[in-house]
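Each of the next two complexes has subunit A plus one other chain: subunit B in the first, subunit C in the second.
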Partner chain A sequence: MSETSPPASATPATPARRFRMPDEIGVIVALVVLMIFIGVARPRFLNPLNLLTLLGHTTFLGMLAVGMVFLLAIREIDLSVGWMFNLSAVVTALLMVAGVNPWLAAFIGILFGALLGLFNGALAVILRLPAIIVTLGTYSMFQGLSLVVDNSRAVVPQDQTSSFFTFASAKIGKIMPVTGAVFLVLAIAMHYVLHRTRFGYRVQAVGSNPEAAALAGISNATVRLQTLVLMGAICGLSGALYVGFRGAIDPNEGSDFVLAVVAAVIIGGTPLSGGSGTVIGAVIGMLIIQVISSGLIFFGIDATWSTFVTGAVIVIAVSLDQLVKYQRNRRAERLKAGR
Partner chain B sequence: MTAADTPLVSVRHLAKRYGGVIAIADMSLDVRPGTIHAVVGENGAGKSTLMKILAGVVRPDGGEILIDGQPAELGSPVAARRHGIGIVFQELSLFPERSVLANLYVNREPGRYGIVSTRAMEDGSRDILARLGLDVDVHAPIARLSIGERQLVELARVLLERPRLLILDEPNSALNQRETERLFAILKDIATRGTTILYVSHRLEEVFSISDRITITRNGRDVSTHEIADVTIPQVIEGMIGAHQEELFPPPLPMRAGAASEFSVRGLANVHLRGIDLTARAGEVIGLAGLEGSGVSNLLAVLFGTERAKGEIRYPDGGGLPRSPTDAARRGVCLVPADRRRNGLMLDKSILFNISQVVFGAHGGPLGRYSQSVARERALRQIGKLRIKTRSPDALANELSGGNQQKVVIGKWLEIGPKVFLLDDPTRGVDVGAKREIYALIREMAADGGIVLFASTELPELTGLCDRILVLYRGRVAGELAGGAHDSRTLLHLINTGLMPPAAGRTGAAAEQAT
Partner chain C sequence: MLVTRMKLEILAAVALGALVFAAPASADDKIKVGIVAHAQGNPFIQQIVDGAQAAANDLGAELTVSQKAGGDPEAELKAVQDLVNSGVQGVATSVPGESMTKGLNEIIESGVPIVQFNLLGAAVNAPYVGEKSTQSGRILGKAIVDKLGGASATGTVILGNCFPGFPVLENRAKGVKESLAAAPGLTVLGPFDVKVSAVENYNHWQQLYAANPDAKALIGLCAPDIASLGKLNAETGDKFVAGGYDLTEDNLKAIKDGHAYVTLGQSAFVQGYLPIAILINAIKNKQVPGPGFYNSGTQIVTADSVDMGNGLPAISYAEAQAQAGDPKATAEYYAAWTKTLTPDLLSKAPAPVSAEGE
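Right after this comes the complex of A and B.
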C-alpha cells in the first residue's frame, strides 16, 4: 500500500461513461404522449397560441416548483409558498402605488420574499422543527398579513407606463411571453445550481443522509436555512413579475398554489425521501398539470374535475416511483450477492 | 436417553449472513432444561444474532432448531413465544410515554369485552414487581423511570409471559451493583423452579457466578461448551480470542513526514467524561478501549465537535476543541464513525458523490462550483489508492461490500489530508481481507504524520496495532498500557472492571511460558 505501488489493478481501466438516459425521460414521454392524445382528439389544442397561453399559465406556479425541488431534495416541504408569492406581490404593488420606481419595487419584492423565507428558515433551524410544521403556521400568518395590508381588495398600481410593465407583459417575437422566458432561464440556472455548485451538492447530501452529512462537516442548519431563503426569494420573483404581467394582484391569488407546486415536483420525479431532485422534471410536471386542466376544458369536461385528475396523476406518479425504487433495490441486492 | 436429558433447545449448524457479512458461520448448541447456560464471545462472535434467531426476530439462512427434540420453525416473534421462548433485548423496546402497566401488558391486556382492566393488570404484576424490587408508581410513564428501572420493567414484562426459555442479552448493562445482585438472585430462583435461561454477556466474572454451563463463541462458530466448574476465566478468554494472527497486522512503517506535531488533552470533562488526560504525537496509533457507556464514543464525539466538554485542549494546529463537525473538517480532524451505513455514507448516492462529501461539502463557500470531472478524478484516485472493488465510480454505495464501503468513508477524508484521525471501530462487520487492508491504511496514516486515535471492541486489533492503549471506565481513564506487546488478559480485565488485575504480572508470565 505504498504510494509507489501501481494502483491500476483496482482502477476501472477507462472510466466507463456509457450514455445514460436522463432521469427525466419518463415524464417527458408522458407529457408528449398526453399532448398527442389530446391533440389527435381535439386538434385545436396544438395551436401554438394555445400552447403559449399554457406556458403563460405555467410560469408563475412553475417558478415556485423550481424552488420546491430544493426543499423536497432536503426532505422538507414549504406550505407557505402561495402566500409568500401573494404577500411579495402585494408589497411590490403597494410600493408602486406609493410611487416607487416599479423596477425598484420589484427588486424590493424579491428581497421581501427572501425575508419571508428567512423567517421560515430561522424558525425551522432555531426550533429544530421540520419546515412543514413551521410553514403550516406561517401560511396563515402571511395570509393574514396580506389581508391586513391590502384590505382584502385587489391592489392595482395606477401608473402602468413604466418600462417594467411593458417588459413583463411583452412577447419575444410577438409570441413568446417574456415571463415565460424568465421562467425558463430560472429553471436552467437552478438546474445548474442543484447539480454543479457546492450548495446543490450539500442540498443533496443533507437530503440523502443528514447524519452522515453532519459528520462529513456539512452544517445541516445552514443548508436548510439557505434553501428556505432561496424558496422565499423565488416566491418574491414570481410575485413581482406577476404584478408586472397582470398589472394587479388579487387578494386571494396564490391561495391554492401549494398543492399544484408540490404535485408538479413529485410528478417530475423528485423523491419525497429526499437526496436528489430534478428541476427539469418539476417544470415538465407543472406542464403536465396545466395540459391536463386545459385538456379537460377542450374535452368539455367541467373544470372542477381537474383537481381530481391532478390528484390521480400524483398517485400514479408516486406509484411508478416506488416501483422503480423497488426494482433498483433488488438489482443492488443481486449485485451484492453475486460478489 | 431419558426425557430429562433431552435438551430443551438444540441448535444445529445454524448459519446467517447479512449481505456480504457473515454473522454466524456454523453454530451448534444444546441447552438443557432447568440450567443457566451462558454464551460468551467477543463483539462480532455472533451471540446477539443467535439470540435474535431464537427469538424469531431474524430468520437463519441454514441449519435447524430443535425444541424438546422436535424440529421447530421460529418464523416470527409470535411463533417463538408460542414455543415458550421469551427474550429481554439489549436495546430497550419499551414505550416511553406509556405507563408501566401498559408496557407490562402490551398487546395482551387483560379484560373483558375489549375493556382493559387496570385492576387485573395491577394484581397480576404486583408479585413479580415486588420480587424484582421495583418500587415504582405503575401508572407513571416509563420515561420517568431510571434506565436501570426500565431494564427491570423489560424483564418483568417477559417474566409475566412465564417463558420456558428465558433469553437475556447483557441484561445488566444499565444496572448498578445492588440491582445486579438482586437480578441474579431472581434468575437463580426461577431457574430452580424449572425455567431455563440462556445468558449472553461478556462480563466473565458475572457469568462464572451464576451459570451452570458455558459456550464460547468466536467468529460465528461455537468453539466449545463446558460445565462451568471445569473451566477457568483465563481458559475462556483464550477461547474467545483464539490463536493470534500476527500476520494480520503489518509492521509499523518509517515516518515519512518530519513535522513533529502534538495533540494534548488535559482534564476533559462533561456529563459522560470525568477528567480525561491524553497526549499523542504525530505518527502514533493510540488505542481506545472500554465497554458500552465507558465514554469512548463520547470522547471521540467531543474531539470531533459533536459533543461539548470543558478542558485544556491543544490540537496540532494550535487551536482548541472544534466548535462543530464543520469546524473539525476544515481543520483536518476526521471521524470514521462506527455505524458507517447510518453515519458515514449516503447509500443511495454514487461512490463519486460520497468521496466528495468532505472536500465539496465541508470546504469552501456555497457558491463554489461542484465539478463532476474533478469529483470523478478524486474518486478514481481513491478507488485506485485504497483498492476499492467496484465496477465504476458511478456505482451506488449500497452496492458495495462492507469493507469497500468503509474504504469509501476513509477515502472521503483522505482527500483533505487530515492531521488527526478519529477511528471508531473501523473494522466492524468487515471481512478478514478488508480488515488487513484497513490495518495497513492505519499504518499509512501514522507514517504520513497523522495522529490516530483508534477505538475498537476487538482486543487483538488493539494489541496488534496500537503503540499505547487507553482504557476508559465510567468516564475516566482507568489505565494506560504502553509498549508493543500488550497482554490481552490484563486488557480485558481492565476494560471489564476498571482495575488492573491484582496478579497481572504473574498470569502474564505464565501465559508467555505456555505459548
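Right after this comes the complex of A and C.
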C-alpha cells in the first residue's frame, strides 16, 4: 500500500503563514456565552464544583462522541454505540462478580467492545452495507444479548475494594473526577490521531472522496473496519470505566445514548458529508448539551422544555452546517467563474 | 463565514435566554424541593407529579420538576445532581437503576435529604414511597384466577413487562405468578418485553395474541397495558380476560367499556404527595431521613367496584374516571388523607425497606 498524504481539507497549504482561528471557535464561543448567561442569572451555576460535575456528566457519552467523529468523518453512523457500551459494561461487571481482577476485567471489557465493533465492521465490509444499516440490526442484537446475559437485572460487583473502583471514583484535588480526566486525555489523543497520523489522514481521505482514496491506494474497507473497531473499543472503555465509577450497570443503561452522541458531534461541527471531523468540537458539543440541560434545571424551567431546547439547538446546528457549506460552494463557484 | 456561524450559535444561546427569562422567578423565603421522574408524557407519572405539586402548594414550598424519558438511571442521577447544585434543599426521585445508588448516597452523605418513589433502589440510604409490589402482583393474579374459574381454571395466560429488569416490576411478575400457581391447569407464558410507548406496547401485545390466539388471559405490569389490551380485546371479540395496572383515563375507559377486567392502582397521588411532605418536614427539622418503606396503598378497580385504598371514601366509577385527568379534583378528594400527615407522623420511623417485597 502506498504512503498517504493528508487530504487538502486536513492541512490546507497556504503560501504565507498567518493566524487562523480554530474551526471550533464558533461552538466554543457559544458554550462560553451560554455559561456566562446562565452564570450571571444563577451564580451558583459557575461554582467550580458544579462545573466539574458537568464535566463528569459529559464523560461517558462524550467518549462515545469522540469515536463517532471518526465514523462521521468516513460518512458512517453507528447506531449500536449505546448497547456496545452497555454490553461491554455488563461483561466487565459479570467478570468482576465471577472474581476476575477488576483491572483485568476492565481490560477484557475494552477488548470485548472492540470485538463488537469488529463484528459491525466485518458485516459492513463483507455485505457492502452502510454501517447505519448494519448497526440498525446489531443495536437490537446487542440489546437482546445484554438482557439475556444480565438476566434483565442490574449487575453489581459486591466487592468494590479493588484499586480499580478507587481509581474510577477518585477526584483529582478532591473535585476533578478521574473519569473526566481520562475523557479529556482520550479526546486530546484522538484529536492527535485524526489530524496528525496516517490513520487519521486516511479516515479523512476516505470520507472526503472514497473513489479518489481508493485510486491513491487506500483500502476503503480496511479504514471502515478499523474505524468501527475503534468505535467499539471506545464503547468498551467507557463501559468499563462506568462500572468502576457507578459501581453497577443497569439493564437499560445506554439505550438512548446514540441520539445525544450524534447530536454532540454535529453540534461540534463535524459535517454529515464526511471528509473532516473535529474531536474538540464534539467535546464542546456534548458540553453544550449538558450545559443546556443543567441550565434549564437551574432556572426551574418546565422539564419538557429541556427536550425542546436540545432539539432546537441541534436543528440550528445542522442548519448552520448547511449554510456554511452553501456559502463555501458559492465562493468556490465565484472564484471559478472569475478565472 | 465564520462570523455568520458564530452569530447563529450565539442566537441559539439567546433563544435559551428568552426561555430563561420566561421562567418563573424564585421566592427565596420558600423551601425549595425537586422531583425527578423516569418518564415523560406518561399519564401515570404525570399523576405523581401532580401529587407532588399539590404537596408543594399545600405546604408552601417551591417545586422544580425534571422528567427524563426512557428510565435512564444516568440521566436521572444527573438531574438530581443538577437540582442539588442549583440550591434545591431536598429531592424526590424514582430510582430506575442500581447505578444511581453510589451517586445518591454521596448526596445524602452531604446532608441533602432524598426520598425515593415508585422505583426502589434497595441500597439507597433514603426512604421509599411505593406499593408493596409483590403483594400487589398477588392481588392481580388472584383476581385473574378468580375470573377464570378459580383453582380449576385451565388454559394459557400471557404476562407482559414493559421494563424488564426494573425490580418493582419483577416483583409484580413474581406476585402474579405466585397467585396463578393456585390453578395448576394454567400455563403461564412470559413475562415478555411489551415496551412502554403506547404504539409499541399495542404492537407487542397484538403479536403475542396472534401467536397465542387461545390465551385465556393477558396480564400487563405497566400503565399502557390495559389500554392496549382493551383495544385488542375489542378488535378480537372480547375473548380474553385483561388485567393490569394504573388508573389512567385510557385504562378506566377500557374497563368501563367491558374490554378489560381489572386494573390496580398504586396511588399515584400519594407517591407524589408523600415524598414531598417527608422532604419538607425533614428540611424544617434539619434532618436527613434514613431508609424505610411507606406503603402508598393499592387501589383495585373493576367495572363493578372501586376501592381507592388508604381508607379513602368510596367513589363511583364515573368519579374515579373524572379524577384520572383532573389534578384539582384529585387533590380535593385526597384532602381527607393529606390532613392525616401530621409532622409527628412524618417524623415517625417507617417500616423496614424489606416490607416492600413481602
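The rule we apply is simple: the second predicted complex is superposed on the first by the 322 of 339 C-alpha atoms of A that agree within 3 Å, B and C clash if a C-alpha of one lies under 4 Å from a C-alpha of the other, contacts with A are read in each partner's own complex, and residues count from 1 in each chain.
The criterion applied here is as follows: a residue touches a chain if its C-beta (ideal position, glycine included) is under 8 Å from a C-beta of that chain, and two chains touch if they have at least 3 such contacts.
Everything quoted here is computed from the prediction, not taken from an experiment.
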First (subunit B), second (subunit C), both or neither: which does A:169 touch? second
Could you figure out whether subunit B or subunit C reaches more residues of subunit A? C
Does the superposition put A:29 against subunit B (first), subunit C (second), both, or neither? second
Under the stated touch criterion, which partner chain does A:199 make contact with: subunit B (first), subunit C (second), both, or neither? first
Which partner chains sit in contact with A:285 here, subunit B, subunit C, both or neither? Use first/second/both/neither. neither
Touching partner for A:226 - first (subunit B), second (subunit C), both, neither: first
Who does A:154 touch here: subunit B (first), subunit C (second), both, or neither? second
Taking the stated contact definition, name every residue in subunit A that is touched by subunit B in one complex and by subunit C in the other, in rising order. none
Residues of subunit C touching subunit A in the complex: 1-2, 4-6, 8-13, 15-17, 19-20, 22-24, 26, 34, 40-41, 62, 64-67, 69-74, 78-79, 81-83, 85-87, 96-103, 163-165, 167, 170, 193
Which positions of subunit A touch subunit B when the two form their complex? 1, 7-12, 15-16, 195-202, 204-205, 208-209, 211-219, 226, 275-276, 332-333, 335-337, 339
Within their complex, subunit B touches subunit A through residues 19-20, 304, 306, 324-330, 335, 337, 342-349, 353, 356-358, 360-372, 376, 380, 383-385, 387-394, 396, 398-401, 412, 437, 440-441, 444
In the complex formed with subunit C, which residues of subunit A make contact? 21, 25-27, 29-30, 33-34, 37-38, 41-42, 44-45, 47, 49-50, 53, 57, 60, 147, 150, 152-154, 156, 169, 242, 245-253, 255-256, 290, 292-307, 309, 312-313, 316-317, 319-320, 323-324, 327-328, 331
